[in-house]
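The data blocks that follow each hold one structure.
One chain, subunit A, appears in both complexes that follow, with subunit B as partner in the first and subunit C in the second.
Presenting the complex of A and B:
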């Protein structure tokens, strides 16, 4: 057994050392794997970053209430009376002065200009009150100041500043007839809220002729994840035609919007992988053919065919893995941390960042490994079954 | 030990054959058909007659390598073909938009409403032929996941402004004469199995009726097709009056106005006239040509063409490297033979063109197979019950693919061809 292992090792070292003789061929195979892995990982990183952004937005101890069947904040309408009724439900946390801890909010869409294309896109504008700030927590004004109640002042998320033009601190923005001044920039640590404009809820009601109605109600729960009290109230009161979910659940569902990208990425990755596999097979068959006499010599002096098999297989796997690692590095360097924006479930732009995780990198390396194994297996089989006499005759 | 090894490998190879059948079977079937119908022999004869016999023999001397190289090229063109048809389908929304059609939306954003009185005020302006209005309904069928592009429209002006919608005369009459009538595009009707005469419930995720219910009943009175193969037929339209009378809030508001101008050259004047008319009202408007509106709508998703383009580029780059390499290798192996050919009096230029012809044949033949597979994939996708635009393998895509094939063949063949051209007979023969 030990002898066999040392034989295998000898052949592997020999093969790997002789790689420079087949430099261009080997480079081509490696390069193909590099591109395949880089393409696959880019798509996975895109989908992963999007769902991370949205799942990081929702909190377990906040409930979100929308009109029944509306599915997104944008489509929802909740009257002031419904808000008042629901605020008496059980399971709602209390503020310091003993009031139910909730925030009734508006969510409307305005135009903004995307930096990358220069075209107008949908940007969400949230009408909010200071309770909404306290309820979310983790919000930081990184530049400027908070808007003053009862004024046409807005604060913008960091993602907005990054991806869309016209919302710089101090600039004036026109929505319809009204003019608004950007007085601050806020950060929520990378969540989807950073893709929003925030202003005083009452001012937004006026501008968009919403009277005294809202679109969503955010409720701080006294016990994280427990929305039983709210559900019971909605079920028992026929005036309340509402849906309730934890904010975490609501945003996690929205994060699935780009899941199709994962399928697309794998589809393209596998089809391109087949192309790279053809390249790997070509390379390894050539490698075996060019080493036929060496292999025959080793066999003649007593090396087993198993060592010839593994020698070729390992060469292929090594080439492929090098390609895979480079591909992973390339996508990590160029894709990880790339910020972009796309349209989300609420029909508005969501700014998100490509994120490569260790799990995803594993996927890329796995694909490279499979290409290397399959691409090496058949040529290795050929090497192992090479008849010694024929090999010598062929090289003579 | 050897015997066991032999059987294990035999079984394993058999398994691999079976598993990889979808990949090799099509090639095998093509070969088999060609063999049976005598096309293979014909190709040989044609090749002989054209003086391409050597080229043909050289190509097929290592069938395995030929197959692998062809397969890699095939994959690249399959990716190119499918992604291009997809991109062209998306662009069709922009390409097919009428030049003389304008869209009037709320200046704040197109999701904001406009008062219905605006329609009549626009109608009073000059240089336009027809005016209609549409309202996004947020409709879904049975499951909230099955959302669709559904609009409440003014039944007769809608058909004149959007004249790419094709209905039979009977369907048209039923549509105009009904109240709860609905017309659905062919692709969405096929998806949900709707037929003319069906009564279907549709929910809205935006609007609700006075009783709080979000479900509306509709009669399918027509299934429309488009004037162009790529016209989108996944939308659903129904009567604004039915909508306006039954819904509970925001009555007498509409989503946007569609306007047809007398001539595209008049667009600019009409745009200015409309936006000026409503300046300084609570609902200011923004009027844009439909093309611009649709383009901006696609841009909302992100730079799709950049993403698709990068993938296609990456795929071709791999194939260029793989095929280029195996061509260089294949010619290098034949150094001695080329020396012999030159000794026999074959002109260097002829050898040069023979090698180029070899790489060109390889690229064009495998590329054509890739396009063939694309056309099959297109049929499959179009028949699959999923919400995708109608894919069409347009002549433009085929021509572009042909150009790429020729380019690929030239680029991969040029280096070995030049090497062979320059090859010195003595060096060639002594290297052997």
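Presenting the complex of A and C:
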């Protein structure tokens, strides 16, 4: 066994030392794996970050009510009267002074300029009341102060500040004919709300001509996840043409679009991986061909074909792993923590951060390993099966 | 005493597509231990094929090959590899050194198949290099050495594990006269002083003179020297 290992080791050492003779081809194969791993990890980091943002957004003890059939908050409308009726349903938590604990909100889009590209994109702006703050919890004003009720003041999510220009504390912004002053920056600990602008609901109603209607209603539930009371009321009152879900359920449904990105990422990773695999196979077949005389000579001396097999396989795996590690490093350096905005399900920008976890990096390395193993296996078999008489053919 | 090698009714043919090429139909020969046999013959007469069968890197399609009282023509590939490691040193026309290893590492290769520790291996390597008068070139890479020096490294590699048998295919085919003579003298020394049994294929009658006897192969059979072309 020890002797077999020393045989294999000798063959590996010789192969690795002779790599410079096949430098460009080996580099190309390694580079292909680098690209594959980097691309795959980018997709995975993106969906990982995006789904973390969305899953951090929804809460189980808050119900979200939209107009029946509306796909998103943006195209939902709820009149004041519907809000009033629904607020009498059972299962709604009470505020300290005994009122039903809910927040009727507006949700409109305004224009913003992306810092990175300067392009105009939609940013969601939420009209909200102080109850809306209490109801979400975990919201913190990290700079400046809260907007005052009945004024043209807005506070901006931290994600907005990073990604879009013109929202610095104290600056004036114009949306259509309306003008607003930024008085504060808030944080929600990374949820999608951080990609929003918030202002007093009544001011948003006035300035966007929404009369006395809202778009969504968020209701604090007295029992987490239990929306039976709300559902029953909506079912039994023909005036209420509404949908209700827990906020967690609502955002999870939106996040399902993201599963597509994960599969897409793996799809692209695997298709490109096949390309890299072809490169690895080609490289290793060339390696075996160029070492044919050496392999046969060692076999004539008495080296086992196992050593020829593993020498080739290890060379392939080493090349692939180098490529994979570089790919993982590249994506870690350039992607991890990269904050970007993408289109959310409601065609507004959701700001999120690419997040590479150890798990994901492992996936990347694993893919590189598979490419190296498969790409080396068949050439290694060929090396092991090389007839020994090749050694006696003129090679010089 | 039985001969070291005993070939009985050996047949060898290759199948190439639909064609069957017969090299040997009924070849018989004996080689005593300590013999130095030169094999000559025209190109394509089967010299290399015969050497390959003696060295256990190719197998006959018929007949028997006995070595030291045991049949080797029916051994499996793995058993043959072991048999080669224990009994045969090969010397090739183009030296077949590993270009990425220095002289000492090249010579050490057969010892990696033994139980020797690294100190003992180094000692044996130096002994072998000394025998071919290359002990001062131990650290040199093959491409830093002349053809004659490379072939001497190859000889050192062939003898380092002390096999009974040396098989050489045109060992001087790529060398000039003077260098060839040095190599042949070394082989002769190995035969006379160290009792190595040597089978050497050559085109060169001058080389064959170093052997104890010469066999002429033509059309798959041994013929008398006078009949040989």
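Annotations for the structure displayed:
Quick note on the criterion: the second predicted complex is superposed on the first by the 345 of 396 C-alpha atoms of A that agree within 3 Å, B and C clash if a C-alpha of one lies under 4 Å from a C-alpha of the other, contacts with A are read in each partner's own complex, and residues count from 1 in each chain.
Methods note: contacts are C-beta pairs under 8 Å (C-beta built on N, C-alpha and C of every residue); 3 or more make two chains touch, one makes a residue touch a chain.
Being a predicted model, the structure only gives us computed values, none of them experimental.
For subunit A, the partner touching the most residues, choosing from subunit B and subunit C, is B. By the document's definition of touching, of the two partners only subunit C reaches A:18; subunit B does not. Of the two partner chains placed by the overlay, only subunit B lies in contact with A:75; subunit C stays clear of it.
When the two structures are aligned on the shared chain, A:274 is found in touch with subunit B, with no touch to subunit C. Once the two complexes are overlaid on the shared chain, A:32 sits against subunit B while remaining clear of subunit C.
Comparing which residues of subunit A touch subunit B with which touch subunit C, the overlap comprises 305. By the touch criterion stated above, subunit B contacts subunit A in their complex at residues 2, 5, 9, 13, 23, 64-65, 68-69, 71-72, 75-76, 78-79, 106-109, 111-112, 138, 144, 203-206, 208, 212, 214, 249, 280, 282-284, 295-296, 299-303, 311, 314-315, 317-319, 321-322, 324-326, 328-329.
The part of subunit A that touches subunit C in the complex is made up of residues 3, 6-7, 10, 13-14, 17-18, 293-294, 297-305, 388-389, 391-392, 394-396. The residues of subunit A lying in touch with subunit B in their complex are 24-25, 28-29, 31-32, 35-36, 38-39, 67-72, 74-75, 77, 108-111, 114, 116-117, 119-122, 175-177, 208-209, 241, 268, 271-272, 274-276, 278-279, 281-282, 285-286, 305, 340-343, 347, 349, 381, 385. Residue ranges on subunit C touching subunit A, taken from their complex, read 48, 51-52, 55, 57-58, 77-78, 81-82, 84-86, 90, 92-94, 96, 98-101, 109-110, 112-115, 157, 169, 174.
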